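Some notes on the structure that comes next.
A, B, C and D are the chain letters, set down in written order, and residue numbers restart from 1 in every chain.
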Amino acid sequence: MRMNSAARLSVACAIVFVFAFGARAQQQPCPTASKFGPDDQIGNVNYITPAKTLAASKLVTTGKAYRLGIETNKDTPAYSTRTFSITVVQPGQVAGTSFGPNKTTYNDDIITGWVGIGSQIDGFGHAGIDNLYFNCNRAPDFAMVDGLKKLGIEHVPAIATRGVLLDMAGYFNTEIVKEGTTFNRAEIEGAMKRQGIKAIEKGDVVLFYTGWMKLLGRDDKRFISVNPGLGREGARYLASLGVAMVGSDTSNFEVIPFEKDAGLYEVHQILLALNGIHILENMNTEEMVKDRAWEFLFTLGPARITGGVQAIINPIAIR
Amino acid sequence: MRMNSAARLSVACAIVFVFAFGARAQQQPCPTASKFGPDDQIGNVNYITPAKTLAASKLVTTGKAYRLGIETNKDTPAYSTRTFSITVVQPGQVAGTSFGPNKTTYNDDIITGWVGIGSQIDGFGHAGIDNLYFNCNRAPDFAMVDGLKKLGIEHVPAIATRGVLLDMAGYFNTEIVKEGTTFNRAEIEGAMKRQGIKAIEKGDVVLFYTGWMKLLGRDDKRFISVNPGLGREGARYLASLGVAMVGSDTSNFEVIPFEKDAGLYEVHQILLALNGIHILENMNTEEMVKDRAWEFLFTLGPARITGGVQAIINPIAIR
Amino acid sequence: MRMNSAARLSVACAIVFVFAFGARAQQQPCPTASKFGPDDQIGNVNYITPAKTLAASKLVTTGKAYRLGIETNKDTPAYSTRTFSITVVQPGQVAGTSFGPNKTTYNDDIITGWVGIGSQIDGFGHAGIDNLYFNCNRAPDFAMVDGLKKLGIEHVPAIATRGVLLDMAGYFNTEIVKEGTTFNRAEIEGAMKRQGIKAIEKGDVVLFYTGWMKLLGRDDKRFISVNPGLGREGARYLASLGVAMVGSDTSNFEVIPFEKDAGLYEVHQILLALNGIHILENMNTEEMVKDRAWEFLFTLGPARITGGVQAIINPIAIR
Amino acid sequence: MRMNSAARLSVACAIVFVFAFGARAQQQPCPTASKFGPDDQIGNVNYITPAKTLAASKLVTTGKAYRLGIETNKDTPAYSTRTFSITVVQPGQVAGTSFGPNKTTYNDDIITGWVGIGSQIDGFGHAGIDNLYFNCNRAPDFAMVDGLKKLGIEHVPAIATRGVLLDMAGYFNTEIVKEGTTFNRAEIEGAMKRQGIKAIEKGDVVLFYTGWMKLLGRDDKRFISVNPGLGREGARYLASLGVAMVGSDTSNFEVIPFEKDAGLYEVHQILLALNGIHILENMNTEEMVKDRAWEFLFTLGPARITGGVQAIINPIAIR
């Protein structure tokens, strides 16, 4: 049909209209919908069943327990505006006074700081796609200034599951894997093969060791700004396996500089927003690598601060 | 020798002097010395060996994991001047802006508050006797305004050990044990017998269930100011058994009103200062009691905030 | 011309297009442009010249000085999520220690809180129109999470100018003017006439007394949520007179409930964003009204916290 | 009477007791008592009468107003553990939302930090002698962790009085007076003579200009740790003249290194604790020196934060 220019303009307008507003007009499925239903707030943690936990407990053979958290203080490398400080006080004990005939004295502490410093768990409220977060939660609906009203860190259930440690430094035969080195499916499978790990399963926590933490205190600037890490294909691969959480011994977790053609923190979006998989940062697995503790019982209880986006954590791995 | 009155007076004064200051003059052993040596900072956690952890892992029979932490927020009952608040921000995303072609958006959080609110671990820097803390640490030497320089919460090792839950509400055959009800040796042994718990061992974490947490949100004032709890004899008894930590579902842990003739928070002094045993407060064991989960694998990794006196925690019990 | 439906649609689309994007497409003048030029950050404070200050100093006849600030603390009525707390510490003086042979002891203080509590000055970064602020500053360009990069409170010059106090309670012949009572031009001129104030001039600070502060401590909820105050016409009127600042003894300053057909905080937009006139809140002029101190030297130096949006203030009026 | 040894011992002990505690037993006058009576909390500010203020207002001849405050932010030089940060938020405006048909948007700010950073007023609760503060206030009685219960900064009345600027850099004929240079009576009188200042009077605010602030941003370490300043004799001299406040363009105000045989911060004790004279730090008088503004109207309203020890200030000088 031959269209006159007015008609063409109409069609153009209509296309513009649909392009600009079409998603809402037609009720397209939300890309961050949870496979566990519209009320889900815990994502792939749903895969950590009692059977899973029970099986993981049987991975304990030596009884050695590892503390995965690093210290958080005002000198911990942190992003631009993030700060942290602790103040210790002795209320009511000025001038050496104490309480009662038993002379009780006590110290109390006050924390002021950004949570995103040190060993971290990213809640699902941490990263989104244009203000759309996991399970179709839109920021204006839940991200209030006094705390998240959905996806808050207090919702994370008790975590006790199988942990898998991928020794990427060993895989690349280096002490510290170079920044920008991307871990995708091939590297993940290659490391598993090298270490004799048969499978990564639903509900697992997968940790990457890169040696990057050796830079802490030596080159904090480099430590915080770049690192080796997971790429998009690797993220989608682990998502396809149904892992509950992923982590590494770096601050950013995903590879930086970002992959060619990747957006900013796209892996965070893939894991947190699109797949309901938590990210763990600054996990200190140095000693576990020395002990070749590749599979273990991973436990984690983030402090349940209502409405928190992230939490400063210290998971316990037991093998 | 015949002494004149002046000389006698000198002697008398000298005796008074010795009486008043003798302890320091004669270098008496410090009452808070650790049995684990002058450099020890972890107290009875020393008893949690790999063998202990391994044995505890075998207590896992169902794979059910319990989250023991309650939520911490501005409405959590807290002592007098303690306050808590969280602020959620979206740095650099004013007016709906985002980052990159993938439109990354993110929330970040900032915490401002006293640590002693909600589910707690008391570090050994929390309570002392006239400014003398665990293992002979004197407050002026380690309690700095920007953090404890000894006994800081960052020193707590990975905790994975046998947990024992004493159902005191069941023992007293009540829903909520009344405030001022004291748990001493007889009550502890009585509860153990009723529940079929054979022994409390070195390195155990012993938790008391009282039902007191049912008052949360119903009568916060009563919840925070009084509660049933451990008495001095009970504390010494558990210390004699070498437990690593004790806890309960109350805020104060020890019995309040205090026992007749007891000082203020004397049980805290006995456990923390004199015996190097951590105290856990506001442990939510409601569900464990329903499941009769009396013995279990207890895991805990307090956030490693350098110089912290306490930590907000969320231990994971697995059975 | 007879248009077919396609053409009509085209025209409609075109109109929509222009309506939605026309302003940007055509580079219209920014509505918040300062009459003092593109680099201006101080607005009508530009009208406070040395001559103005000198003249104002001559208004001092009794030498009585008034403190206009109220106290700010954790109990000061504040909006929803705003909190405030102060902590007093004695660094390095635990257990009664002091410094030097002269036994110096000292207290130090730490503040944690929202600035918008108590007696306030609103900077020009406080209120905007769809993220457009005074003098064409767009929020994404200057409102950074670690402080405003333009319009920060540190830019406010030394304020010493003529102050005018309008006794609206006297005008309405009441002790406390009722909430929702609007002050527009007629009320302003009526009060001036009643009080014998000849004129309001360029560079003046105009304060309204309503008696509303008598509710503080009696009905904090009502105090904070509604009040009498300036309306839109009154705001435009004062703007036409070139006042530098306006204020009142209420928390919201402008009338609430808002005027019929008014938007939310539209008067804030008129004064701050469109006219570069600061707003002062919670100005305690009770004693000045008792003394009939209608014209006076008004002085104010807000604490120069870099990047601040507002400041907690305590102006000094001298008469 | 013949006394047995036990009786003698009692007597001896009694003598020792009196020796040790006699001062308190005999009720010696408190050295920090205010000349204005036992309830006084404002010290020499009592000398700022309306007559004083009126006379000071007549010192205004040009109408030029000076802002004496410097900026306070995270980079302002500060003592050891002191930190400061500001956070700007847009509550409820995530993803570019706004309020109402008039699209109100707003920024809000939150401050976290030690007050003792930047331009300061030291309240009388700031420095004491062995926990004894101005007007016999003992720290255990008023220095509570949630604010001072006496001597809080909220008590400072409206300050409008004669200001005197002593140009010590001019007196010593240098750009920056060297650290450790002490200003005692001879220097004060010498500067007055050089500048033609006839007298320092009761209720005056005396500011010292040293040029030290030129080090800000050039050598922050030196700026904060040492400076020229008032010595003990000079402090007692100014106290004898009944000044209300003293200040300078340095952080410490008093001379550091301290005078030979002086204690630590002894001048602070002399002024604050013994004489009820406030200290002002980091007063930027650079421009006033250029203008030879030696005598002026000094105004100051510290933010009335209940229980505050100090305040961040920005006094306005008018000449």
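For this structure, a couple of remarks:
Following the convention adopted for this analysis, contacts are C-beta pairs under 8 Å (C-beta built on N, C-alpha and C of every residue); 3 or more make two chains touch, one makes a residue touch a chain.
Just so we're clear, the structure is a prediction, and the values are computed from it rather than from any experiment.
When the interfaces B-C and C-D are ranked by C-beta pairs in contact, the top one is C-D. Of the pairs listed in A-B, B-C or B-D, the one whose interface repeats that of A-D, with over half of its contact pairs matching by residue number, is B-C.
Centre-to-centre, using mean CA coordinates, subunit C is 29 Å away from subunit D. Note: centroid distance subunit A to subunit C, computed from Cα atoms, is 43 Å. Distance between chain centres (mean CA atoms), subunit B to subunit C: 49 Å.
Shown for subunit B are the residues in touch with two or more other chains, namely 74, 80-81, 85, 87, 89-91, 94-97, 105, 110, 112, 131, 139, 143-146.
Only residues 48-57, 60-74, 80-82, 85-91, 96, 98-116, 118-119, 125-131, 139, 143-148, 154, 157-160, 262-266, 268-269, 297, 299-318 of subunit D touch subunit C when the two sit together in their complex.
In the complex of the two chains, the subunit B residues touching subunit D come out as 5, 8-9, 12-13, 15-17, 80-81, 87, 89-90, 93-97, 105, 110, 112, 144-146.
For subunit D in complex with subunit A, the residues that touch the partner chain are 74, 83, 85, 89, 91-92, 94-95, 97, 112, 131, 138-140, 143-145.
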